[in-house]
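See the structures that follow.
Across the two complexes that follow, chain A remains constant while its partner is chain B and subsequently chain C.
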Partner chain A sequence: MRDFYGVTLETPLMLGTAQYPSPAVLEAAFCQSGASVATVSLRREGGQGQGFWKIIKGLDVHVLPNTAGCHSAREAITTARMARELFETNWIKLEVIGHADTLQPDPFGLLEATEALVADGFEVFPYTTEDQVLAGRLLEAGAKVLMPWGAPIGSGLGLNNRYGLKTLRAAFPDVPMVIDAGLGLPSHAADALEMGFDAVLLNTAVAQAGDPAAMARAFALAVQAGVLANTADPMAPRDMATPSTPVIGKAWL
Partner chain B sequence: MKLEVNGETREVTGPTLAEALRELGWGEARVATALNGAFVAKGARAQTELKEGDRLEVLAPMQGG
Partner chain C sequence: MADVSIIGAGVAGLCAAYALSKAGLTPRLIDRKGAPGPHGCSWWAGGMLAPFCEGAVAEPAIVAHGQAAAAFWAEVTQVAHRGSLVVALQRDQGELERFARRTSGHRMTDDLATLEPDLTQHRSALFFETEAHLDPRRALADLVHVLAERGIEIEQAETTPEDIVGPVIDARGMASALPDLRGVRGEMVVLRASDITLSRPVRLLHPRHPLYIVPRPGGVFMLGATQLESSDRRGISARAVLELLSAAYALDPRFAEAELLETGADLRPAFPDNVPRVTVRGRVLHLNGLFRHGYLMAPALAAQAVAYLTKGIKGDLLHET
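Take a look at the complex of A and B:
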């Protein structure tokens, strides 16, 4: 498994902490998911932040703060600096949002913020698209991990552009990549890992399931299956049928 | 002096950011601060002087995806 800024994760699952019906359900979901990383954010202190920090510490996983909701490089850079102090980590899931409906990244702001944050000592996890040119530029800017989207955040559509993602994976075989956003089902996660991605990050698929803890367990099993399948070297698909039962020795009837 | 704290007008005596935070009840809290859009590190709060109309953001750990 490729490492994330020197950290080898025990499981290829990163789980968000938002939208759970209660803190107890969040804790149960994390327990069942076996997630190695929890994503978190920072917002105006309204009295709940201090208690939430205790819950996160109790999960005993790596913490990956995000810059969710930032629409400019400037905003994202300031948020990242605040996150580094608050969560005591150089890791930052860098989101610079370019469009309100699709929440797709603004590639120009993303690159600008990545350059600035790498220069400031951050270990940047840029939330990006499957665009290969942008990926190359982010790596040149100093990012050592990429987080291409599966589909728009919260959509649950799975891997929207398998061709693009496959091309991206093949173009940068040594770069750790996390499929972030858009996953709705465990089969989507298995799909990503079968394709050779190193981890998946999801939130809504678990938090908004009828039974978040059970769905978390399903994702835990799916990522395990996906990794195993990828290391087992999957067969190449083909267009025409080929018999699996031997033809030789078939009776003349 | 009047400040805009997390989008609301608040009255503090200050004069430093560290003292204003104590007045606002966040003296010991795990928060990060930005003044007029720029990050102010915890270690710099005691030397950061506030002025009338400053825009202060006080952020805390929160759920995220």
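Take a look at the complex of A and C:
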């Protein structure tokens, strides 16, 4: 698997830590998911959340702090700096929200914040759309990983624009890319990895499932299937039916 | 001479004192601030006795034990046995179906107008008929009064279990600093809306801003409650006020004209599974981790502490270290 700022992950799964019924359920879900990375939100759960932070540390996975809920570059930059101090990592999942209802990224604020944070020594994971031009600009600004969305955050819709995502993957074949947000089902995760994306990041799909640990296990199996399928060189879809058993030589009865 | 000393006169300590007294023991009740008040998180509760609703996310122990809470409280204070309602906005009807799948003890009603004539914006709801609610501050005062009648007064003193000889129940919440105990911040708003009448708690399911509204006497409503993994003890945030009021407005636009009476923020002590525990450490029993289930679970926690002290029975909420 491709590395993320020098770190090779054991599994292509990143899992969020919000919205679980309890920390005990969160821990069980992480266990079952085999996730390599835990994302944590500073704005609402950091600061005074030492009790919760102790639990996250106990998961023994890489921690990726995020700037969830930030609506401007300036706000995101400040949050990123606080996160670096608190979580002692240069990694930052950069979210600059452009619209309160759809939670879609603000491309202009995202680029501005990426430039500033890279200059400040951060290793930025920008949460972006499938827009190829923006992706190029983010890479120029110094991001070495991209996190294109599957669908709006928390929507569970899966890969909304498969054509756009496919084009993005093809345009930057060497850039590590994580499909982030909008995944609702394990099949969505498998889909992303079959298409050649390097990892997936999800939260709500597991945390809000009736049985989060079981759903986490389902995602663990799905990402495994996705990676295997991708490396196995999938067949191309065809318009015409092709019998898989040749007719010639079949006994005439 | 007291048989058991209880430190902490919040909902856990008071329920333990009452249960011990009923079992024929003489408890001594000590609190650093004296009678219950804004200094304790029991003051900021919603007062819903809704074990089935809680079952949507809580462990089965909460649903099982919580069902006995209403009967316990009815002995000492006024309990409204009116059930509770769960509604969702039109675009979130899927949330209502999911909530129904994950809970029991309810029925779907399409005739909400008969149950709550003021909820005209919503047609269908989940009705949890056997649930109840109470006014937490009144319940605390009534319980203090009942204890006084039984000869148990709250002594105001700063003390720790180490300072006391004999069996101790430590019900100090966050102050007891047990390992694995964390604070979960909650924020609430109290309004007066005299033109709105609700006779039972209403929960609004919302993907981002879930809300519950608990009616109190005199046209007063408690709106709760946020749930943040943070030990921040400062006052309510502007964001929380916005979210709670917006959700209330979505439920009934007349809440926009309500009088804002009070806001509050405090920490709920919780263990990793969010289930309360009786933790036994030698002669000290810790009653803690009531999370958002203080009034719902304190009676069960007190009962298990008493069963252990008097008969050595180890209930499912009991943890030995």
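One rule holds in what follows: the second predicted complex is superposed on the first by the 243 of 253 C-alpha atoms of A that agree within 3 Å, B and C clash if a C-alpha of one lies under 4 Å from a C-alpha of the other, contacts with A are read in each partner's own complex, and residues count from 1 in each chain.
Following the convention adopted for this analysis, a contact is a pair of C-beta atoms (placed from the backbone, for glycine too) under 8 Å apart; a residue touches a chain by one contact, two chains touch by 3 or more.
As the structure is a computational prediction, the values presented were derived from the model and not from experiment.
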item: Partner chain in contact with A:42 - chain B first, chain C second, else both or neither; value: first
item: Touched partner set for A:65, first chain B, second chain C, both or neither; value: first
item: Partner chain in contact with A:225 - chain B first, chain C second, else both or neither; value: neither
item: Comparison of chain B and chain C by chain A residues contacted; value: B
item: Touched partner set for A:22, first chain B, second chain C, both or neither; value: second
item: First, second, both or neither for A:87, with chain B first and chain C second; value: first
item: Which superposed partner A:203 touches (first chain B, second chain C, both, neither); value: first
item: Touching partner for A:153 - first (chain B), second (chain C), both, neither; value: first
item: Touched partner set for A:78, first chain B, second chain C, both or neither; value: first
item: Touching partner for A:52 - first (chain B), second (chain C), both, neither; value: both
item: Doubly contacted chain A residues - partners chain C and chain B; value: 44-46, 48-50, 52, 154
item: Chain C-touching residues of chain A, taken from the complex the two chains share; value: 21-25, 27, 44-52, 54-55, 154, 210
item: Contacting residues of chain A [partner chain B, same complex]; value: 16-20, 26, 39-46, 48-50, 52-53, 56, 65-66, 68, 74, 78, 81-83, 85-87, 153-154, 201, 203-204
item: Chain A-touching residues of chain C, taken from the complex the two chains share; value: 57-59, 98, 101-102, 181-183, 185, 207-208, 228-233, 270, 272-274
item: Sites on chain B touched by chain A in the complex; value: 6-7, 26, 29-34, 37-39, 41-42, 57-65
